[in-house]
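Shared between the two complexes below is subunit A, which has subunit B as its partner in the first and subunit C in the second.
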Partner chain A sequence: MSHDHPQRADAAPPSWWQDLADTIRQRPALRAALAVLLALFLLAVYAPLLASDLPLLAREHSQWSSPWLNNLFNKTYYDGPLDPTFNLLILALPLYGLARWLLLRRIPHLSRWAGALFVLAASWLALDPAANYLNPPDSPRESGLHDLLGAYQAPYPKGVHDRSWQWHLPAPIAFSFRTTTAHPHSAPTWQGRPLLHSILWQGSTDAPPRLHLAPSLPRWRHPLGTDNLGRDLTARLCYGARAAITVGLAAAAIAVGLGTLLGLLAGWVGGWVDLLISRLIEVMVCFPSLILILALTALLDAPSLFHLIAVIGLTRWTAPARLMRGEALRLRQEVYITAALALGLRPREVLFRHLLPNAIGALAVATTFAIANAILVESTVALLGMGDATVPTWGKMLNDGRVFHNTAMMLLPGLALFVTLLAINLLGEGLRDAFDPRQQRQRPPPS
Partner chain B sequence: MSTSNQHALLALRDLQVTFHTKAATIPAVENVSLSLDPGEVLALVGESGCGKSVTALSILRLLPSPPTCTINGTIHFNGREISRLPEQAMRNLRGREVGMVFQDPWRAFNPVYRIGDHLLESLHHLHLDAPRARERALALLSSVGFPSSAERLDAYPHELSGGLRQRVAIAMALACEPALLIADEATTALDLTVQAQILATLRQLQRVQKMALLLITHDLGVVATSADRVAVLYAGRVVELAAVGQVLSGAAHPYTQGLLRCIPRPERPRGELQAIPGTVPPPHLRPPGCAFHPRCPFADDTCQRQRPPLRDLSAAHQVACHHAGLRVPPLDILAEPRDP
Partner chain C sequence: MRSGLLAYACQRLLVMIPTFFTIIILVFIILNLIPVPPPFVGGEGQSGDETETQRRFRETFNLDRPLLFNTGPWATTREVLTLIERSTDGDAPFATRLAATRSLEEMGPFAVPHLSALLQDPSLDPEQVRLVMHHLSYNARHRVRGPTHAVSQHDHALHRAIATNHELATLRPRDDASPEQLAALRLAWLAWYERDQARFAFSTGDRLAATFGETRLYHYLSRLLQGDFGLTLQQEPVAAEVGKRLKVSLTLGVLSLLLILSLSLPLGLFSALRPWPLLDHILTALVFVLYALPVFFVATLAVEHLPPQGFFPTSGFGSSPLQNPNMTSAERLWDLLRHIFIPVICISYGALATVSRYARAGFIEVINADHVLAARARGLPTATVIGKHILRNGMLPVLTLLGTLIPALLSGSVVVEYIFEIDGIGRYLLMAIQVRDFAVIMAILHYSALLTLVAIFLADLAYAVADPRITFARRT
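After this line comes the complex of A and B, so read on.
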């Protein structure tokens, strides 16, 4: 073990990942894209801290409590497993950071143990919402973090607006993604809008009269205004980032994982395996994939976000599969592949240790495009009104705006989509260059 | 054949390698019989496309598979017939008992891994723990004359010169102390001085480890300095097989003689370089009879009709030619010095 040779461990060179980090640091576009995506990720994770209708801290009957914290993993309140799973990260990220900072400073080799422990704990915590989702209990279960955080909360806890607390500390935006402002201090109505509002935040005058609250101007309570149901747009945008990240990562993971496996297999094994997989790809490509996705979602009664993820993942694997097949065909001609086989390595080892890392530039580009594509497809499906109606995705928000003929309601999620997709594509471009080990490095050459 | 040597480390008998493509069936190697004793250096010589590399790769069954190929004949290694060995047993052979060095040091390394990673990987047969494997890797590097090894373990292949890379490749091939090392044009891509150093290293290691060396080359200079015996290949067949001195001084096959005359000699007056007229026929267009007859100065009717068998010229000198022993007329006449 390397514990016995600390002096050698100290002299260890920068790892491949450190080299990659150096390369990223030298590319401004890549850095900007990464910064945007990191900000988006943090916004998504900490959405409940920014926008929640539960008081962060409250005092009632001379007792302190935190309805916000107590309901972080309340699946009934959050309506599904998506938000409780993200909420795990609210606590896990700072805990992990703290653990690293405290432990790793002192005991250098503990890092991988801390990491493993963290992954274990996180997966145990994530199992709880996952199990509840797959197997909804008749009565609310008290398990996982509920035990740690105290008593089980009512399915729909009283929020900031429903209960007069003795004292409470609200979130910066005191509205969740579905809190409708239907109280006396509601937004100025659509009919009585001021001039500027009619230009920027206009609802079309042709719109049929509806039994909706009007979308409101930005005010101090609603920094970006509200939608037609009086729901805060800022809150919905933040929670929409969660849906976008989930759809992007999960659908891309399915698509790229399946595509890489099949593509590599086709290119590496060749023969009838290649023939079979290539024909399968061609058959898949023959269907217009959006139509296929719409047809598959139509088969499902009320498609949830996870159904959509599965459908997108299972229909979008052909592009990465073709790419990886080409990479496998190209790279298996390389002398170093033959050289690795001549060392007596298993073909599987050669495929995954030697061929795959050389295809990682292409894989990174394929993955980023797959992520962007999945987000876009989900938005399209939602825009057509066939998405998951319970999750505030950006596509759903676009659809709401489209139906209500409201510029702001379409502009804001559209802008969020645009910035996200642009950043992801920039990241893909940058990664493709960064992963190429023959690029110029600023590392001093060994003398 | 006289290659049925029971003590041979490697014995190929009637090796045939045929590629099957949609367009044609290509016999790349036809009836090659060779044997290599432990600790011996056998040079496999011939022009491009004569089947040298295919022969070497077929021993380890490493031929690329998109053109499907069939290997016929027997390959005995260490007394075992290995041409029908299951893939699992073959993997244990590769790297552990037979090492291989490839021609192009610029392409034989995976660009995403460091030199140290490559070396550690070559030690995978030995199942060493991490510090021991690192020590062994360093020892290997210093054994191939690699300077300041400890730092260079962390270098990427593209940061090293071709000569250094080839030294690493040799170190990797020697990692498990194989009984046989196959060097496929291992010095061809290098500068002459580097080439000489690498050859000296190879030869020295071969003597120290008592390892057999199959040296594949088209450079007779390499043969002269390094080999014990020479097998000359032409169009997928062995045309001459003899000790290196016999070949260099008394080559019996006109093709070998032609090859020898192609070497520019500094002691000779300047003039046009010699060449064998024509080119090696591609495998699917080989002429009937002796495959060399269209380029041979002695060719007659027999050569066009009948393929000459490999026959003993003397005890350890075999040649496949109907007119073996005839000397090619000195074409030097053409290259007379222009000024008296």
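After this line comes the complex of A and C, so read on.
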């Protein structure tokens, strides 16, 4: 090649990320969708800051303490690994922002992904011992079954709330997602006592225990009211976002990862591998997905949220697999792939450095829709009463509302789901338009 | 052209048979992966051998054979002895003893020669001898399925089998049998084996056939071919129970499909022609909203906020015949339509949004195509251009969607049937899952897979008819 025609070094073509950023900037719908999803993510991460049954700050015996922070990583305080993991992000996100700001100023060539990974790993390593330090083994939380049960009834864990604070600063909503009674300082009519409690503690309190299943009216303490067991709806909505995000991301990751792997294998290797995978896809496509997922959950005794994630991921991989198979078949014909192979690159390098990056657009769109679908399927399973009973998911809330004829309990999680799904779908459509090769895009004209 | 189409249809059908076969086997294997819990009775207190109730249960629900391959025909006397020892071993955990007992029972008549040989072995202790005789009486009997009270008088083979089983049952040792009684029984069993030995002389061919034939999979498949899906936990035939509810679900599905197609194509065409751009925008926004609204949310709101006995009742599939017993056929149909109007809307609105979007995209592509431009340039009237050039070609993306639409509608009808309390297969599936009725779950999975296959087949066929470019000679 001669060097006589003008080089475009001064007007380098925009990078892929810049291109994407430009596209997002040009589309208000896409921007709004991203903003909504970001807000949802922050709401999910900072749910304990908004709604917690522990005081953020307390003063007792002229000593300051923070029960909220003490129990943030207390594994006995939560049912599963979901909440402690999200709680880790509460501190890790600002740390990451700070570190990135510092690091990027110091080391300009640091890859942003390496930085992110470093900070997340470092905060994980640092926060876990810190949590153990903050939450020593002789903490009142771990002193027996009574305290554990108490935590589900009182706004503050039993041992903590029995103390008389000189002063304390509650969270804006002084209830966690499973706090079932009213605030201790409110009128002593203890509405919405759970069934188990009224059986176990019969006669132990001065107020006569009674089964009270009617949801209480919204008061200033409960901005959106409570559910049939007297649990705060706002808190449950916020914590429900955690479940939705976890299910969406994890199930979509499994489905898209598996689908990409199998699809690329089928399209790239061809032959009997392709035949086998294609037949498998054909068989999987024949099952109505919800019916298959419900049948598979029947095999599990008490499906947890993570079982559901696995089942959804393992049944929803066909769409990405078909897509990636098509992409691999198409891209294999491209000249640059042939050139790369002719240059002696190993097939694995060609696959991951040339083929996959070119298919990333289609993959991103498929991932977005897989996320929306996973959230929808999980909510449906929860609504049908077959989900994880310990996690406050929106579908479960909606089913409770349906059973107890409570409009707020139906409307709020339903709307939350609607907004989330709408935002994700808008994002997917926007990405599809952005990646569509047929779309004419504004590029800097060649000089 | 016609014969080409027929050949193409036959070819597609032939391809689908192995697919469906794979589906059946996969579903069977996956749903049989978990061990069957010992039903109703049993527990630590028992001595390895199972009660008659459990055996009956396992026989009724096709659980009394190995899952895929039967190794029983090739067992040796030594292995049988090991199993007997293991199931009488008081130190072993209950699960181990139960597993040994089950393996012995799954061997069927193939264990009988070995058990008889063991009876002559003097080294067995009395408990083991008792167990050997117990298994002899079980393994040597004929397998008689189904209710025996309604058997025809002239079925002599069956009557002989029942008589043999009765004789074997009288030889079964009682739990509290004394050593003298056991010794007498032992002699009786040896005499019996001398007499009936011929029944238990198996050739290699017999053994090979049993290796693959005496299995749960084979029996399930062979009965499936006769349309027998087994029994529900209430001991009713699954095929009839599911078929009854399938009619309800199919009514919902077909009506939804008709609604979707009859609305989405005009909507898509209208959107694509853009006589009024604002309307197109509104329709697009509406499509997004409908697509993101979860079915269960809308259905729940409808059930909660519409009067349950209003013009559109929100529960059930038609009024109860007890309420108004004297309805004419037309009234019954009208009543049915009123009942399922809202469920059908709930099932179809999401798919309606998707399909109309696909239709719009397809029509836009065709409208901008050269041949449409040429047709317009020739001065053809707009109606002709739309009818002959746009509609047929623009429908193609919708037709490809048809194959995925049916499973989506079936999934949607599960939720809608649950919320509107319609007794279709979706609701039946949920009930079956709650009581772990695997025969029903398998049957529903098979039916829905078959429906999907049929839909894919019809979609392929419609595509072939609609797309003039497809020539049947070259397609594989």
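As a working rule, the second predicted complex is superposed on the first by the 324 of 447 C-alpha atoms of A that agree within 3 Å, B and C clash if a C-alpha of one lies under 4 Å from a C-alpha of the other, contacts with A are read in each partner's own complex, and residues count from 1 in each chain.
Basically, contacts are C-beta pairs under 8 Å (C-beta built on N, C-alpha and C of every residue); 3 or more make two chains touch, one makes a residue touch a chain.
Remember, predicted model here, so these are calculated numbers, not experimental data.
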Ask   = Should A:Ser379 be classified as contacting the first partner (subunit B), the second (subunit C), both, or neither?
value = second
Inquiry  = A:Ala251 in the overlay: touching subunit B, subunit C, both, or neither? Say first, second, both or neither.
reply    = neither
Inquiry  = For A:Gly344, using the defined touch cut-off, is the partner it touches subunit B, subunit C, both, or neither? Pick first, second, both or neither.
reply    = first
Ask   = Who does A:Val285 touch here: subunit B (first), subunit C (second), both, or neither?
value = second
Ask   = Which of the two partners, first being subunit B and second being subunit C, lies in contact with A:Pro357: first, second, both, or neither?
value = first
Message = On the A-aligned overlay, A:Val335 touches which partner chain: subunit B = first, subunit C = second, or both, or neither?
response = first
Query = In this superposed model, does subunit C or subunit B come into contact with more residues of subunit A?
reply = C
Task = Go through the superposed model and pick first if A:Val365 touches only subunit B, second if only subunit C, both, or neither.
result = neither
Task = Figure out whether A:Ala243 sits in contact with subunit B (first) or subunit C (second), or with both, or with neither.
result = neither
Subunit A to subunit C touching residues, read off their complex = 279, 282-283, 285-292, 294-299, 372, 376, 379-380, 383-384, 386, 395, 398, 401-402, 405, 407, 410-411, 414, 417-418, 421-422, 425-426, 429
Ask   = Which bits of subunit B are touching subunit A when the two form their complex?
value = 57, 60, 62, 64-66, 91-96, 99-100, 102-104, 107-114, 121-122, 124-125, 130-131, 134, 151-152, 154-156, 158-159, 169, 172
For the subunit A and subunit B complex, residues of the former touching the latter = 1-2, 4-5, 8, 13, 16, 270, 332-336, 338-346, 354, 357-358, 360, 437-438, 445-447
Query = Which positions of subunit C touch subunit A when the two form their complex?
reply = 19-20, 22-23, 26, 30-31, 33-34, 288-289, 291-297, 300-301, 303-304, 403-404, 406-408, 410-412, 414-415, 418-419, 426, 429-430, 432-433, 436, 438, 441, 444-445, 448-449, 452-453, 456
